[in-house]
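After this come two complexes, each holding chain A, first together with chain B and then together with chain C.
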Partner chain A sequence: MFIKDLSCISAQETYHNSVFTDGVKDIEDLKIWAQEPDYKDIIPAGMLRRMSKLVRMSVATAGPFMEEHKNLGGVIFGSSNGSVDRSMRFLRQIIQYEEGTLTPTDFVQSTPNCVAGVLALMGNITGYNTTHVNQGLSFESSILDALLLFEEGKVSQLLLGGGDELSEANYNIESQRDLYKEESIATSTLLRSETKGTLPGEGVAMFVVEAEKTKESLAEIIDVDMIHHASKQEVAEKAVQFLNKNGLKPSDIDAVIMGRNGDVRTDNFYDHLQNELFPEQGIIVYKSLTGDYYSVSAVATWLATKVLSGTQLPSECIWKPLNNQPKTILLYNNCEGKQHGFVLMRGVYSSTSSE
Partner chain B sequence: MGKRVFITGIGIISALGDSVQANRENLVRGKTGIKKAKVLQTRYTEIFPFGEVPYSTEELKNQAGIADVKGISRTEALALIAAKQSIADAGLTDGQVASFDMALLSASTVGGMSLTDQLHDDASMIGPPSDYLASYNVGEHASNLIKRFGIKGLSATFNTACSSSANAIMMGAKLIKSGRCTRAIVGGADALAKYTVNGFNSLQILSPEHCKPFDKNRSGLTLGEGAAYLILESEEVVGNKKIYGEVKGYGNANDAFHASSISDDAIGIIASISGALTSADLPPESIDYINAHGTGTMNNDITEQTGMNAIFKKIPQFQSTKTYTGHTLAAAGAIEAVFSLLTMQNNELYTSLNCNDPIEEFNVSPIKSYKKDQKINNVLSNSFGFGGNCSSLIFSKV
Partner chain C sequence: MAHEELELKLKTQIIKYLNLMELEPADIKTDAPLFGPDSPIDLDSIDAIELSVLLEREYDLKITDPKQGKKVMASVEKMIEYIVANDKA
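The block that comes next holds the complex of A and B.
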């Protein structure tokens, strides 16, 4: 499967790609909020007012694709929390009004499949439509779903995305679960903080993917895999098995994009994988730019596509220097040390230029 | 195209009972599980009937073998009971379950938000943190199933509203067909919740009486709860096991019309049923029975009949088992898959309850009485949801 177009809203200025020219913002906050674009020229004001943050970020990233790419055959979206702020608003109304008569707007928007529904509606995309809520593997499951759909041969291109929104309510719940830093630190120091917890983020990354390589293809997603509740050794074994299945060995990988999030309790999975399998490779990181959230692998995929199509990464993304322009990249992310996702990607850059 | 996918195990818990046998017995007798709710805490139990599983969450945890585990949502307890049944029914070994070749695909809409009041307090930092902090997330039930069963393979959890578990079955079948796994446990779970009851009430589509799908005077849907899981196995590994049926075809489409209703011309419904027939490589006339989505809302039933009418020259026998279980949301696709398999296994069809005056436009009635000795080779099961999500599955006798 090939990535043909991409768009990303994150805590950095990724929507207009100026993070690559103007540099990375250092953010010091307990919550890493998305830098949302000026929606004025993207979404009509009347519609914008009614949209949840997740819906408006999704519409802003996917909307332009609907103009530029005809024949989008489906929508697959990964979001573990959906429009969590609307869920909580509806919940508060239930309690506050003691189950009185409520308006349905928040309820309808609260369900995670609202995003894929809105995108289908806006683009009149009547094809395949699913929403994945597999926690830290929401985007990996979405990739798998897209690969299977293309293998059936009925669809040539579709919208694939992943995103979650941050709200006070989910921050309150997850911080009581001890997932986040108690101390206020700058994002630039997150990955070397050596304390427990991470910084929560939010964002959406959206892609147009196609079944066959065309002259517009930017990068290939070769395959995806995952394992749950596994030891460091089992994760490394899974990585090798995954690469073997695709005719590769660890030394064939040029760079690894790792989801290190500065939580000393779970970053050791990344250390282990790096030391055991990828001691020579360049290592790329990104959560020090965006914070962490369930569907954050979508951002990693966005970043991988940028690298594979020749964009120079900001130095903040380099954990260990790259040896050369990478052609084959492995993405590895773990969520709370219990869900482990792998995505294998390859550049199409050199092969297209030789055609 | 691809490897054939067989169903070798089923597990279910619904308002009709906590075993496949109990569910079937009530279907045969035409006895609904819908009544006044006793466990659900909402003031609407006085106004609306529900398809409630008649056990407290503590009793369900006990039955699931996790009586002492803290922080278990009702959704998760229901899921675990049905999933365990399905694994036992298929006779899978621990080694088979823990293989890289075994996948788990689940579905839920409410997940741990069934704990509506606890969630409110935890999200608002009222009082000390509850035991349920990790349980609210809709994917948590699936993550815990994976942990308990020691599953090491691929996974997915769907939330496509009321079509969720139909999509889990579909993706499980596709994973096996593609050779990415050889076995999969697929299904979904949803518990009744104050959250959902108030949500559907705000849309004014809950029925004050038992739901009456396909009746011209229908008055809305009846919410239910439950879980069902199916074990899918590739033809390569199935051996000479008992087989309930084959996942023959599947279709998924979006109606792209409205956030909470289906278009009058049933675009999504027609596309999902046609997609299922095409992928099964079966003509419409080969369908012997339709397990309809049949929620009992004004919008669903007329558009579903419009869709059926557009595809079938003569609409096959059809009915809505939601008249027995209520609408179990994300679990509905899997629960109705189990019922579809039971019709084939026992050559029988169940009564569609509460339809006294069929919708006039189409001059067809859902099944009026229990029927034995039916020849049922291919069943179509429909699931449609908010967000325009439409899914159809075809199960065939092997």
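The block that comes next holds the complex of A and C.
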């Protein structure tokens, strides 16, 4: 499938793309909050006042697509947590008011599928509407869903996205699982911190994807695959198998976008993959810009599309220098060393195209 | 409670419950309609539920008849009248 349009809100200024011109912002905090745009010019005030952060970030990124792309046949969104903050508020109200009358807004804004529902209503997209919530593979599953839907030939254009929000509620919950750094560190030092935990982030990336290549196509998502609870060697074997399935071998890959997050307990999966399969390739990283969250591979896909369509990356994204302008990119991300996702992408005018 | 005091309190609660963050209490006209085309703040059906929750939680007043709700929530002035009439001010 082919990416026709894209938009992203993250901790960097990705919404207006000035991260590529004005540089990367170094953030020193325990939580990496999204840099949200001024919504007043994007979302009507009457709608904005009810929206959770995840919904307003999603509407701001996907809203302009509704005007520009009139053939959207469905919405597929990946979000592990939805709007946890609203869920917690709703649950607290149940206790506080002893299961009495509850306000509807917190409830309807709390579920992950609220995003896809709001977008469908806004764009009058009455077709396929699904939300994938399987933790660190939420966005990879969304990609798979879109690829299968295109394969069935039922739609020609879809809205595809992934995002999660950061709140005190989910920070407190996930902290109990020892996922985050205990010390405040600068994002610029995150990936070489060599301590346990990462920095939690938030954001949304949205794409208009199509079954067929057009002159407006920016990049192609060739395939996606996943593996759970695997050893480092099994992950490497899975990567080779995935590439072989698509007629490629590791040496055909120009660059790998890796989801290193500075957690010494799980970054060794990336080290192993790099050393075993991609010792010569350029390595791109991004979680030092955005923090980590369950659907963050949507940002990696956004970044890959930028690279494949010729955008020069900031030096902060380069873990190992690129040998040339990448034409074929492998994305690899693992969530807590348990869920491993692969996405294979290439530039639309790549010489390795099988067309 | 004095009328002015109740008016300010209720408007502050309406802003909080409906998340009308761009408004100050003074921006909500006491006698202006809360709903419909003539309403300056143009509330909708979900707001009506939020207002009924407000009345129940803050004033222990439960609205069960939709027709009654339409009259009670016509304006801030009507809401004040309802609260005072039920001795909940």
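The rule we apply is simple: the second predicted complex is superposed on the first by the 348 of 355 C-alpha atoms of A that agree within 3 Å, B and C clash if a C-alpha of one lies under 4 Å from a C-alpha of the other, contacts with A are read in each partner's own complex, and residues count from 1 in each chain.
Convention: a residue touches a chain if its C-beta (ideal position, glycine included) is under 8 Å from a C-beta of that chain, and two chains touch if they have at least 3 such contacts.
Predicted model, so just to flag it, every value in this text is computed and none were measured.
Engineer: Is A:Thr101 in contact with chain B, with chain C, with both, or with neither (first, second, both, neither)?
Structural biologist: Once the two structures are laid over each other on A, A:Thr101 reaches both partners.
Engineer: After superposing on the shared chain, does chain C or chain B touch more chain A residues?
Structural biologist: B
Engineer: Contacts for A:Gly82 in the overlay, against chain B (first) and chain C (second): which applies, first, second, both or neither?
Structural biologist: The answer is first: A:Gly82 touches chain B but not chain C.
Engineer: Would you sort A:Tyr286 into first (chain B), second (chain C), both or neither based on which partner it touches?
Structural biologist: neither
Engineer: Which holds for A:Arg92: it touches chain B only (first), chain C only (second), both, or neither?
Structural biologist: Touch status of A:Arg92: first partner only.
Engineer: With both complexes overlaid on chain A, does A:Trp302 touch chain B (first), chain C (second), both or neither?
Structural biologist: Neither: A:Trp302 stays clear of chain B and chain C.
Engineer: Both chain B and chain C touch chain A; at which residues?
Structural biologist: 101-104
Engineer: In the complex, go through chain A and note every residue touching chain B.
Structural biologist: Result: residues 74-75, 80-82, 87-88, 90-92, 94-95, 98-99, 101-104, 107-114, 116-118, 120-121, 123-135, 137-138, 141, 144-145, 148, 151-152, 169-170, 172-174, 176-177, 225-230, 234, 238, 241, 338-339 of chain A touch chain B.
Engineer: Once bound in the complex, which stretches of chain B touch chain A?
Structural biologist: Those residues of chain B that touch chain A are 42-44, 100, 108-109, 111, 113, 116-117, 119-120, 122-125, 129, 133-134, 136-140, 142-143, 146-147, 150-152, 154-161, 167, 171, 174-175, 178, 180, 194-195, 198-199, 201-203, 252-260, 267-268, 271, 279, 385-389.
Engineer: Write out the stretch or stretches of chain A touching chain C in their complex.
Structural biologist: Against chain C, chain A makes touches at 45-46, 49-50, 97, 100-105.
Engineer: For the complex, which residues does chain C have touching chain A?
Structural biologist: Going by the criterion above, the answer is residues 17-22, 42, 44, 46, 49-50, 52-53, 56-57, 62.
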